[in-house]
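As written, the chains take the letters A, B, C and D, and residue 1 is the first residue of each chain.
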Amino acid sequence: MIIHMAKDATPEQENALLKRVEARGFEYQIIHGSTGIDVIGVLGDLSGVEESYFAECDGVDKVIRISKPYKMVSREFAHDSKTLVKGTKVVKVGETVIGGRELTIMAGPCSLESSEQVMSIAEYVAGMGVPIMRGGAYKPRTSPYSFQGMGLRGLELLAQVREHYGLKIVTEATGLHRHMCEDGNLERNNVLENVISYADIIQVGARNMKSYGFLQELGILTKQSKTPILLKRGDSSTLKDFLLAAEYIVANGNPNVMLCLRGIRTFEDDRFQRFTPDIGAIAVLKQESNLPVIFDPSHSTGYRSRVRAASLAAVAAGADGLLIETHNNPAEAMCDGEQCVTHDELARIKAQAEKIRSLVYDE
Amino acid sequence: MIIHMAKDATPEQENALLKRVEARGFEYQIIHGSTGIDVIGVLGDLSGVEESYFAECDGVDKVIRISKPYKMVSREFAHDSKTLVKGTKVVKVGETVIGGRELTIMAGPCSLESSEQVMSIAEYVAGMGVPIMRGGAYKPRTSPYSFQGMGLRGLELLAQVREHYGLKIVTEATGLHRHMCEDGNLERNNVLENVISYADIIQVGARNMKSYGFLQELGILTKQSKTPILLKRGDSSTLKDFLLAAEYIVANGNPNVMLCLRGIRTFEDDRFQRFTPDIGAIAVLKQESNLPVIFDPSHSTGYRSRVRAASLAAVAAGADGLLIETHNNPAEAMCDGEQCVTHDELARIKAQAEKIRSLVYDE
Amino acid sequence: MIIHMAKDATPEQENALLKRVEARGFEYQIIHGSTGIDVIGVLGDLSGVEESYFAECDGVDKVIRISKPYKMVSREFAHDSKTLVKGTKVVKVGETVIGGRELTIMAGPCSLESSEQVMSIAEYVAGMGVPIMRGGAYKPRTSPYSFQGMGLRGLELLAQVREHYGLKIVTEATGLHRHMCEDGNLERNNVLENVISYADIIQVGARNMKSYGFLQELGILTKQSKTPILLKRGDSSTLKDFLLAAEYIVANGNPNVMLCLRGIRTFEDDRFQRFTPDIGAIAVLKQESNLPVIFDPSHSTGYRSRVRAASLAAVAAGADGLLIETHNNPAEAMCDGEQCVTHDELARIKAQAEKIRSLVYDE
Amino acid sequence: MIIHMAKDATPEQENALLKRVEARGFEYQIIHGSTGIDVIGVLGDLSGVEESYFAECDGVDKVIRISKPYKMVSREFAHDSKTLVKGTKVVKVGETVIGGRELTIMAGPCSLESSEQVMSIAEYVAGMGVPIMRGGAYKPRTSPYSFQGMGLRGLELLAQVREHYGLKIVTEATGLHRHMCEDGNLERNNVLENVISYADIIQVGARNMKSYGFLQELGILTKQSKTPILLKRGDSSTLKDFLLAAEYIVANGNPNVMLCLRGIRTFEDDRFQRFTPDIGAIAVLKQESNLPVIFDPSHSTGYRSRVRAASLAAVAAGADGLLIETHNNPAEAMCDGEQCVTHDELARIKAQAEKIRSLVYDE
């Protein structure tokens, strides 16, 4: 941490600051600048210290962090572990290894809607060799008047899919949400408990990426099982905040976290792009973190006709997996149908993406 | 809702769409454009229908919403109610009326830290006639290694403040968070239950504005008490999403919601501005919504030296209240000390802001 | 400047870097961090040196600027000058002093359209005591098919206004633009030459704030006359880039620059706000710079019904002046009519804004 | 165009609006909404009409554009031309066809610095089969104190490169800029004139994308030669504004425009990403426009270590070419050295990118 004193800081203020530095057990070194302004370098492990701890002292102009605020998810951490493949800590789901040489595709509908829909999609997803099926039983919706998901009934359908087709299941948990069923009654357990008991991979949605209490609880509740977590980036979160959210889960006991990019909100007109696909962030996360990186081409583009381009670009940029929405009948999907690809397009994406993976992985 | 068909839409696709429109009980009217492209106007109350419901149909190019997606929080709703003052539905907290002629100031520390700190601040806050004290017992922190708040012990201090000084209390609830005490044990109840039993006004923080399950639960749990809710805007939420979040609470049973602006995240360099104060949004919310609007000059600027300018600007722009951070000893605050104002500056802001309120309110 | 070496930097790389530091005449001091990483403080006047000058060296991880990249426009510069009023370097236009105690209002139409329109507006603007009239003869338009302004004929109308009503004139110059008249011919001189010969204040529009060649030329061409320049912030420019743009003009010879804020582009849905009014930036510019700050409530809000609130907020926040669009017949304006206020609303804004100025200026 | 009347619009206001519609020769159709609000569909070719033309009328609530505001650059335009390859209007530079099956790589230094540097880079660039060399003789710099480029001397070096190595040249023009030489004198011609006389492709930089006068002048001056233009997207420009900027050049006489993406500015912390690579925009531009799309992986990432990932991603997403910065000695580059790749890395990118191009092009 570098502390830049204000032009008019008094020696008393600087002394008070230095005491604060020492009180936390850090060493320091002072640079007496030619303009009469002192700059103080604070030395030691500052990962648990926020800039504001020093910035709020009188006489301080600016505090600049140099070390990373996260530890366990950083690229430097755990370097000699046997779980690392080319610097990435792989996550295993059944026989599937996520983060290694093979590209992992997860596909399925945005929302679970009916037994017929779920089984029909599961059949073709499994048929083309996709190992993991996605599907939301609980849907966080911007409007209180929109369809909120099938709830527990949906989770039961996913359990059937697992049994019949051997697919592993990724589905979203949301915080505190006791699901209101169509008959107006609340489900007995909260959403998180229900999802934990059914899912092979627990998805944390973009809207909950900053619900720190939820992340902490999730880490604690999966400390034993170590069920893999697919953490989506908030649509306006910096990469630093994204990595700190992952750190929340890991620090509370579950190291099996995957980072999922899904598009960010920018100044771009949403009549052109629903979100801005954050494909450039893949390389940054690979440099900064040891976690596998998954890309969601469906939410990040918002349009079926652009899912393939975004998928191939993400894999070329180094993504370890893709989370793709598909629907047996996109025009009748109850949620986000405009971004679902058909069976044929999914198969085409899978084939091309795998070729690109092998082209770029060994270079 | 206006539906614009694609250039190459077939008559079959258009018919399928029109059936979907009729299936939901809406009427429609078709404009046959001179370029051969049809535009369909869907008529009726569309507040519960998302654009994507139509956009996902084959042959549709674009869907444009014209009506508002929220109802109960909109300016047009409840117009003849006796609770309205100049179009704003006032919220009462003890004898304080928020949203009427008088400006309401809420002040206090960011985090509760100790009995001494809390009482010392409460004394001067009450002494200058501020009716409501703020203070966080549970702190959502970006880093898992940062101070997470005093928890239940903090709420008990706030209860003492209420008793000794007659101050009303606003404090934040976070979702699912079972607070981990300094001794490493979890508190028995979740944060929401604890906060509901102590607070006069329940604050929903910016990070939870999109935790829809949490908003729903909050509405349900306060349906009887109708405890006022101070809902903060997410730092990257559009105003539409902000109003829909308020609608979530109101639609689930509690109409006493106040909208609190606290700065947004933009491209601006955070070495210049921590957030961009969203002062322009005050006028928009006043035109769109019937809820009182509160402004937080502390988080929106991030620097003590700019709190006064932002406070006065917000009141000049029509804000009904200010939520200001103050500390008896800013340099030793455990959280956000750099944005806390002192007693003297708070008194000065209060005096000037009240003058501006009376200047602009009756014009 | 603080230089943070990479974890794997070699001594040779560090030596090469230090030679580069010395080659520019700077001193340095090295902090040997406890993690084995060196941090180098570079000392001296670094205002003409970009971070990348050091960042591009091998072995460097990060370079952090501490000193300001601008000099002459900074708050610290020119402190003992007689032209300063409360730290602001005032700009004089005829008898009007901009940046001092009095609030300065500049008002007029977005585009000049006809003699009748210009004279009609000038009459009521002058009548209510506004000293400066705005009006665009050259209009930078997003579409090549939109009305591009009256050109030289418009400037001549402004000259008449000056003569008849004693109003000073602010009008925009654009780069390289040889105006195409309605008859399809190009004007003989370029826009900048024409504007320089007519204007009392030369406006640089938001779209040209980063046209550095244009800013340099403007500084050179007005080095003698020192005609005041009203520099608008680009709608996506950081404040640092805004101040550097001002520095371009000042460094090339013309110190009479005023900073004009006009709203920024954010993630906000333009169906709610055309731009986000950057009212919070006023306090920042007042702390960082010695130049007067003008606020444009018309472009920053985009809607007539919000111009008053934004005007009053800007003045409460410390703006030295307002640049307001007004039209004798808003519904028939050829450009931006939806944000023009009427005569009556302008008078009301002026009266209230002046009261707020006197309330906040002396505190 | 869809016009939505205000709730309290009077019949007189609506009639006045309809007259305005008819005055421009458009037809209309009225939808009488169930809520008593009229919605008016305006029919005809509205590409030259801005929304504000109707929005500024009294009684209008909102105006929504459905047709595109640009014509000649749109995907639908010029469909039967012989210059189209798979819907893209190819641009020819010597024997190189940009926008067809072959991927086009343009590479070179950010700034021209010396004869030795230029020749050394040209030699290896030509040697690996790159057909076009980039290099800036005029550099738009954020700070007036930074190196502004070699000017005319740089252009002369580029002419030598063309002669010796058979490379075609792409270099940037900036508006109005009369270059100031190191001896303090201004060059005789303006930058645009100089660049036009030397370049094979004229680059318009991101900072000038909205300098509409400059774009118009450029179109007029190259109307005869039809010298190809490489138009860079402004770092905060919407895609709509980007396409309208291209339309400015085409509408003024030069159809040979290429769209170049170079990263956008978002909320992302620049300590992680200098810009956000806008790779997702490639697919959008391919769907909306008929112009070739080039991607700049150097400016969009800002770091050498991420240039390869961004390059491959862009090609996988459908880019027709790459504009890459390379330097014989990155650590001594005078500008943006941290994003320059070496000879070896450039060769590796070229090989992999060409494989991906052939993989995705025919699918």
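Going forward, a residue touches a chain if its C-beta (ideal position, glycine included) is under 8 Å from a C-beta of that chain, and two chains touch if they have at least 3 such contacts.
Treat the numbers as computed from the prediction; the structure is a model and nothing was measured.
For the pair chain A and chain C, chains touching both partners: B, D. Taken over every residue number at the interface, the positions common to chain C and chain D amount to over half, indicating a same-residue contact. Rounded to a whole number, the gap between the C-alpha centres of chain C and chain D is 26 angstrom. Each chain gets one centre point, the mean of its Cα atoms, and the points for chain B and chain D are 40 Å apart. In whole angstrom, the spacing between the mean C-alpha positions of chain B and chain C is 33. Shared interface positions of chain C, i.e. residues touching 2 or more other chains, are given as 62, 236, 265-267, 269. On the chain A side of its complex with chain B, the touching residues are 16, 47-50, 52, 55-58, 62, 69-70, 138, 140-146, 174-178, 180, 190-192, 207-208, 210-214, 216-217, 234-236, 241, 244, 247-248, 251-252, 265, 267, 271, 330-331, 333, 335-338, 340.
Residue ranges of chain C in contact with chain B, taken from their complex: 236, 238-240, 263-264, 266-269, 272-273, 276-284, 287-288, 300-301, 305-306, 309-310, 312-318, 348, 352, 355-356, 359-360, 363. By the touch criterion given at the top, residues 2, 4, 7, 27, 29, 31, 33-35, 39, 41, 43-45, 62, 64, 66-67, 76, 236, 265-267, 269-270 of chain C touch chain A in their complex.
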